[in-house]
């Protein structure tokens, strides 16, 4: 029985498994007692605080600018101009649909790429043994703390030289990988990918890439979905770099929305309608995948 | 389960691949990808403006109809500030600008330093189209004309006749003009009437110190920079200091100001408020802003008068960046857009007052009235107001220096800062520009 | 831990595989060895290559640019050594930006952490509809900072804003949210808190759930009240997580741009730079009035060093605390 894979695969399954067990063991404290109304009230206040500013935006978005100027505190009942204002946003000069399209392209590509490359690297770091592995992994972890945003000046110079300014590729390429993603997938695969599965694939004569594709990727799916979601949200909401490198001529959604405020005659109803429609896509995503986000944050906390 | 997983991954990989390909393709040709050089083929010209230039879709349709193969895309997004940042950034990048870029007079000078980044628009046929000082503003020291003038901002006084009436001041626009022209019609007189008004009503006379500052600075021949060598003289120019002191005295000392920062949320909302101000310096383009902010407010009117003589606030140009692919076609379009006929239409649409000599003689312009401003003969008033405007020298640092003074005045006027200390910090900011 | 015990399933399969021809084995072994040797590097290379190009190289090149006169439009000028740094360090606006950045950072980190711990403790209870509450606090996380800032900028308008109007009803003078440094920092910090409190609550909640229950049981036997349990068990056990949260907020918080940039329509950080952060200052120096990439790069590099130093302080703190707490469990797991 030739099993060339045996010596090269780091035997790290125990580490993650121990953690997973620890996680399972610990359940919510006081599980027997339901909390009283105080807890529910305070949590209720927290939820209201999360929603109220967004509702405020919606209220302004459904009134007229005259109404807003005359009523610092709007009535809690929407005024009924919402769709009118939204259609003004859609027909305004900020190229709303182009911005939505740009945001979708950037977010989808960067999420897919981050997930793919992070899973590849995570598989390698967690399950394969190679020289320099631990050093490189430490490097990855260290770079999660590097504020790469501060490299904007040269990044801008380079993008200018390449002729990429004003083009989506200038936003996409710097977002293709993240150190956090690699770290995250490494952590996850360490515990979630049983060493036996890899061994079995190798014994079957599968190449490394086949092993990755048929064994590691499926095992990575839950974490990959979360990583994809976080990357998507991060990309969709980012402003600084797209603002500098894309500008108003070919904007992503946040860059476009802020243009609504940049006029001499500030139409608050219009601005807030723009804000509201720009929020809606991610709110929908949140209702569809919010559980995953919650789970992702909580798992990341235990591991990180 | 496994199968669906695999499918999902395959799909994800596929999407990535396609999307990457898509961007790779689109990045090859870029945002102005439609700009393929014209060999009888179709070209798209992009025109970037800000605020309100008054160019309507009908005008572009007309041009497209008479120029087969040309498609015009109008990008109108940003304020002047935003447009300035965008233009600087793209100019630095060497790509990403529109075929025609609008530029405002205050930051035109900083671009005159780089005439090679723009197409020289000099055209003997167009000599005399613009007011002399307007054309001079867009002419680089080395002689290139980098921009065709669109509009100018001759200033009048807009006032609330209802508030005037409540304070016992005259309401008729001729009487208001006469009142403000008394005693030589300088700024002192404007402030003096303002004091009467605020004494009688305890309400503000004008909106913001920053606006008054604009008015005064635009009457100083060379406020900030030495025309000979562009060295900054703002910090020792006695006229500038005098203007600063006068604005501070009027805004804070006499409390004539509504203590608002121009263009801020509060400024916008204040048009509707109970403590609305009674007057505003009103260049032509401001009339649209006032109207936009004053939904439901009646009583605005315009007086054919301006403190301290004539003054110009703002006004813009169309330039053709050299990085464009169709600069010749863009130049032609820019010339067409800035022709008197088009600028008259723009005026009719958004009140941007034309900078073309011929347009200013047009009966359409002279006969135009503004319904919102109590049917005031806006065209005639602005033509009168444009007489006697002299060129104010604006060098490459004009915008930045003005910004520093504006900030100081906001601190003093809106935030109750100490005038002397704020003057000092403005000086400091200006010195940092060197 | 060591998983070298081959499961029976594998044995069965291996024995049913017909023996391969020797030549093929030799070839596939060569190929296999090559595959085994190269693959690990191949798989991590996309990350390292892309990260080097888009992350590390620009950072390093920043140092190069910062040593030159470098105009936004004019391009690279002569080498000037540390002149840009000297210039920046004597600029009052630079120091203002540092003050603002740290002030906003503290105002957004400390209250946020306290609220997050309390919320996490409540979420840790045996609630009905757990997921609803957890998702509820996380909702603001998906709202873009740009949108948050536009909304809050309006809420905090000086004369016509909802907050000052409400304060007026209870007899408090309007606060100069857009005119005084400290109130503007409070307003901006509130945007950060709005967006991130729920996120950090969930992190802390997860950490709380990982605290072994027997600790609490022992405390109950000792007669400790719930409040006492919270302070003498929960908080100490959360310390590593708290510091983790602080580090993440340090890296993000010290680079804050979106919220202050859109707090008013001009985006300069206020007429006398009341809320201009250091990242905004980088933008202003590089792309604003000065158009000096050299100076902007110098500021970026200084901010980079500040973040590294603050990060290292945090890191050493983390190490000390986490080794105290979890050295035993770590040893058990490590090879």
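Lettered A, B and C in written order, each chain numbered from 1.
Just so we're on the same page, a residue touches a chain if its C-beta (ideal position, glycine included) is under 8 Å from a C-beta of that chain, and two chains touch if they have at least 3 such contacts.
Fair warning: this is a prediction, and the values are worked out from it, not measured in the lab.
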{"item": "Remotest chain, chain C as reference, centres from CA atoms", "value": "B"}
{"item": "Most extensive contact between chains (C-beta pair count)", "value": "A-C"}
{"item": "Inter-chain centre distance, chain B versus chain C - centres from mean C-alpha coordinates, in Å", "value": "40"}
{"item": "Chain A-chain C separation of Cα centroids, rounded to whole Å", "value": "13"}
{"item": "Contacts with 2+ other chains: residues of chain B", "value": "79, 81, 85, 89, 92, 263, 265, 269, 273"}
{"item": "Junction residues of chain C, two or more chains touched", "value": "154, 157, 160-161, 265, 287"}
{"item": "Junction residues of chain A - those touching two or more other chains", "value": "69, 156, 244, 262, 266, 268"}
{"item": "Chain B - residues contacting chain C, complex", "value": "79, 81, 85, 88-89, 91-92, 114, 117, 260-261, 263-266, 269-270, 273, 399-400, 403, 406-408, 410-411, 414-417, 422, 425, 428-429, 432-433"}
{"item": "Contact footprint of chain A on chain C as seen in their complex", "value": "1-4, 6-7, 9-10, 13-14, 25, 28-29, 32-33, 35-37, 39-41, 43-44, 46-48, 50-51, 54-59, 61-62, 64-65, 118-119, 122-128, 131, 133-148, 150-152, 154-155, 157, 160-162, 165-166, 194, 198-199, 202-213, 216, 241, 244, 247, 251, 254-255, 257-258, 261-262, 265, 279, 282-283, 286-287, 293, 296-297, 300-301, 303-304, 307, 311, 329, 332-335"}
{"item": "Interface residues, chain B side, partner chain A - complex", "value": "2, 5-6, 8-9, 12-13, 15-16, 19-20, 22-24, 26-27, 30-31, 46, 48, 51, 74-79, 81-82, 85-86, 89-90, 92-98, 263, 265, 268-269, 271-273, 288-289, 292-293, 295-296"}
{"item": "Touching residues on chain A, where the partner in the complex is chain C", "value": "1-2, 4-6, 8, 11-15, 18-19, 22-23, 25-35, 39-40, 42-43, 46-47, 49-51, 53-54, 56-57, 60, 69, 72-73, 117-118, 120-121, 123-125, 128-130, 133, 136, 140, 143, 145-158, 173-174, 176-177, 179, 182, 195-196, 199-200, 203-205, 207-209, 212, 233, 236-237, 239-240, 244, 253-255, 257-258, 261-262, 266, 268, 271-272, 275, 278-279, 282-283, 285-286, 290-291, 293-294, 297-302, 304"}
{"item": "Partner chain B, residues of chain C touching it in the complex", "value": "72-74, 91-93, 153-154, 157-161, 176, 178-180, 264-268, 271-272, 287-291"}
